[in-house]
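Chain IDs A, B, C, D and E follow the sequence of writing; residue 1 opens each chain.
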């Protein structure tokens, strides 16, 4: 069951215009500079925003088609989303937050234990730390057993050790779940490790060169496996990325 | 139905009616449930099928209207009220020869008159003032409480130096703390009552109507300043 | 006759206020929901209609309700057609009148509360598959505790104190529609100031205990700020 | 006396409602602020005192205010001592009475609004060096637009419709304290039902325009949810 | 002018107990696992929470002294704080947010241009992206010209390129401002680059070994300059960190 999206929408300072596809059991990682439209893409797929023009399909099901006027409401898309500024329910304990849309409470418990927040189960989200809140949001989304999973910088508030653990957990789940996962990140290593495909978005367009520029700027930080300076054609860059991924995945 | 009568009573007749009802209950064995309100409101309720048996109004006009519409039996006068000029200062009355001198005095800054639009007692007071030729010249002094009961509240709390009140109010315990001057120029307020056609206790209702003019009834009414 | 006795009228007042509060928290939150979250045609007109009851003097509102709910009014006729009984001068009648006259006291605070709920948690609820109805009960309501408390306090206390509308539509029938506020009114009118004080105190105490209950329920609210 | 003419009473009603609304938005937000953000000793008692005005029937509250603001009342005496003029039966007097009787309609919605403000933006304001007062004006107030709108609507419209308290304290003096609601009441009482309709319609129109203004002001609110 | 803090406070699952000092013109970087008490330390220094026991002084000024009962209210500490879940004022435009506590509007403008959010100046914070919001919060704090600057994961929502730019900007400012800066981060490279001192906090205590463990776990990601496996004594670790810093600072 694959998710396909072709979207065009006018934003404040540019027009978003992308075309994505992500098959079941695969992870698509969106990367790109701040304000380039990554969150907006997820929101449109989730049905929280409407595109000006475009189609979104999930398997056989049409979610959005501006041509025919189709717009499946968010509630019926059976997806889950980890918001960038995680929106937990302030009136519920952490455990009740995770169970909020879960069919299976034992799954909620398993997830919370795996993500190291089980000891907080009776606490309200206002009195836990930023990273704990983020893990709660991830558990909440996974506990829902969605058909499509969207994650907007899901590990940004976590220390590298915890992040690493969670990254592993998600990679494992990917295989079990067999659903399309779209994931936004600023951590290129995370994209390399998790993403089956990496899509750089710049000013609303898919722009493969950005990754190259990025590699160049951050070379000093031990990220670049080889010198990418001279080459600029897209295929080469993608090859390079492929190599990098192999290396980082160990 | 139950052995009780629902009686709609104009609010100014509240105190004497309580006593009349008590005596009547003992004599007849009927229970009296009074509903006190303004005559206008009670009238509006009656034309909308209020389950009252007897209507004791504060004027003749409203029972007359009901009779014309065939909603009640022939109205009869059950009380005549009298207007007096009341002040809570007990030495007030001794300082003036009569009420006209009092209302013109500089010591009286505000005078309460029940709203003549809605209260028959207010209309009577205005008639008295006009008769004495004082109505226009005192314009700046008037305040208009909604009914005769509130006129007495103004006067008895000293909010106004004098007020046109019902004699019945001046004769209460509260009233006896002050004093009053009679207002001969004001016509008496004729309060009419009628038995409503929809009553299912016609005999008892008639009994109450009759009781109002018996010796016992009159005695109570006189005690509270009605004739 | 028992004009002086409290328990009866107080109990009716309490029942009336409780019934009105329950009905209005339900109806009010429904209306507030529509006004905040849905496209309502001619929103300003709808809002004005909801607010109308408080812009009319109580006795006047009572008068219009009397006509509407009476045997000649559309609502009264419909009711009689369905239930074969009159609406005026019954407890059900004053509950309905009361619901009308307190409507804005429920709708306005609830509207304000709903409008302040963080948009993101509503979006999250939708993403997690909740229908609008489920979102309302599972997210909006529990996050509007302060608004519900304000609405409950205003409606309950206003109903306890109201009497213009109730007197008109209910007719002050003892044991059925005679509420405590009418008893206080009668005590003041008939100069029993002491009784009025005592009754007022009792009403104040009821309001006090009601506030205690509401505050205790509302204390659970997570986002009260202590500084 | 010109009971029939509208413009005068309507203008007074409008002035009264506007003055009351302005005073109460200020005083109400101050009280609500204390109740939400500060440790108030005996909070429940203070809350009950604030809510008391609506639990008392208007005429009874009016009666107590009459005593309090009259020549023998503590407040009335103090006022006369300072300003050398009486408070009763003046426009200032009805504004004060009106402020008392509508207090809870301002305090409750504002309390609810203040309690819902995101704690984090208040903390940020403090970190950025704002005093509590500056935080209140620069952060709390602009983020409580819906609460202020609800308070303004309830207070303004309730004051337009109120007349029990105003009548008692103001004495219905034409051109000074006779408000529109008294004129409507008179029309109903004296069976001029047509006039009452017209007047009610005018009040409804005033309420409509007021709502339009408030909604326009409130539209700027950033977090209204459209779904 | 140095900031000194000795703090003890019982939290949900452990007791926070740390002692810190940061001189003017220097940056102290707090690192550590999620939920270890980093945010709480900043909140206590800011006066948003009170310690159970402890003292905080800023130069000659005593901010908190539980012994004498001193507690200087937040408003009087003249500090600025970038919150982890940045709390911008929803009723103000981005520019007005930045100017909120600024004495100098031109400084606000300069900062916004430097941080690449000037084009958003008339937008409300609800309709900008996560990273744009974060930059607004940093500008807001800097525009205040504080005597002490606290930053809680200030660059977490930014892409690596923007992050790098901002990191440089803050490093420059450090020299100009001459105020103590305390900074929480999960990005060890950021700590190495910005921090004059790195303080790892684990379960509420300062725990230098954590950094070592962290190095070990993340070795595969090209972070470790040399093998730290065997050594466990603190001095050695600090030396190692010193070396690392030199290397990463270039």
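Definition applied: contacts are C-beta pairs under 8 Å (C-beta built on N, C-alpha and C of every residue); 3 or more make two chains touch, one makes a residue touch a chain.
The structure displayed is predicted, hence computed values, not measured ones.
Asks: Tell me which chains count as touching both chain B and chain D.
Replies: C
Asks: Just list the two chains that share the greatest number of C-beta contact pairs.
Replies: Highest contact count among chain pairs: C-D.
Asks: Between chain D and chain C, is it the same set of residue numbers doing the touching on each side, over half shared, or a different set?
Replies: The interface is built from the same residue numbers on each side, given that over half of them are used by both copies.
Asks: Rounded to a whole Å, what is the gap between the Cα centroids of chain D and chain E?
Replies: About 48 Å, centre to centre.
Asks: Could you tell me the distance, in whole angstrom, between the mean C-alpha positions of chain B and chain C?
Replies: 35
Asks: If you average the CA atoms of chain C and of chain D, how far apart do the two points sit, in angstrom?
Replies: Distance between chain centres, rounded to whole Å: 19 Å.
Asks: Would you pick out the residues of chain B that each touch at least 2 other chains?
Replies: Touching at least two other chains: 41, 44, 153.
Asks: Chain D: which residues touch two or more other chains?
Replies: In chain D, residues 59, 63, 118-119, 132, 185, 188, 223 touch at least two other chains, as defined above.
Asks: Where does chain E touch two or more other chains at once, residue-wise?
Replies: 85, 126
Asks: Can you name every chain pair that touches?
Replies: Every pair of chains in contact is listed here: A-C, A-E, B-C, B-D, C-D, D-E.
Asks: Which bits of chain A are touching chain C when the two form their complex?
Replies: Where chain A meets chain C, its residues are 46-48, 73-76, 78-81, 83, 85, 87-91, 100-101, 124, 126, 140, 144.
Asks: How about chain C: which of its residues touch chain B in the complex?
Replies: My answer: residues 1, 3, 59, 62-63, 66-67, 70-72, 86, 88-89, 167-168, 171-174, 178, 186, 188-191, 193.
Asks: With touch defined as at the start, can you tell me which chain B residues reach chain D in the complex?
Replies: 38, 40-41, 43-44, 65, 109-110, 112, 115-118, 142-146, 150, 153-154, 157-159
Asks: What residues on chain B touch chain C, complex-wise?
Replies: My answer: residues 6, 11, 14-15, 18, 21-22, 25, 31-37, 41, 44-45, 48-52, 149, 152-153, 156, 169, 172-174.
Asks: State the interface residues of chain D toward chain E in the complex, per the touch definition above.
Replies: 118, 120-121, 123-132, 138-139, 142-143, 222-223
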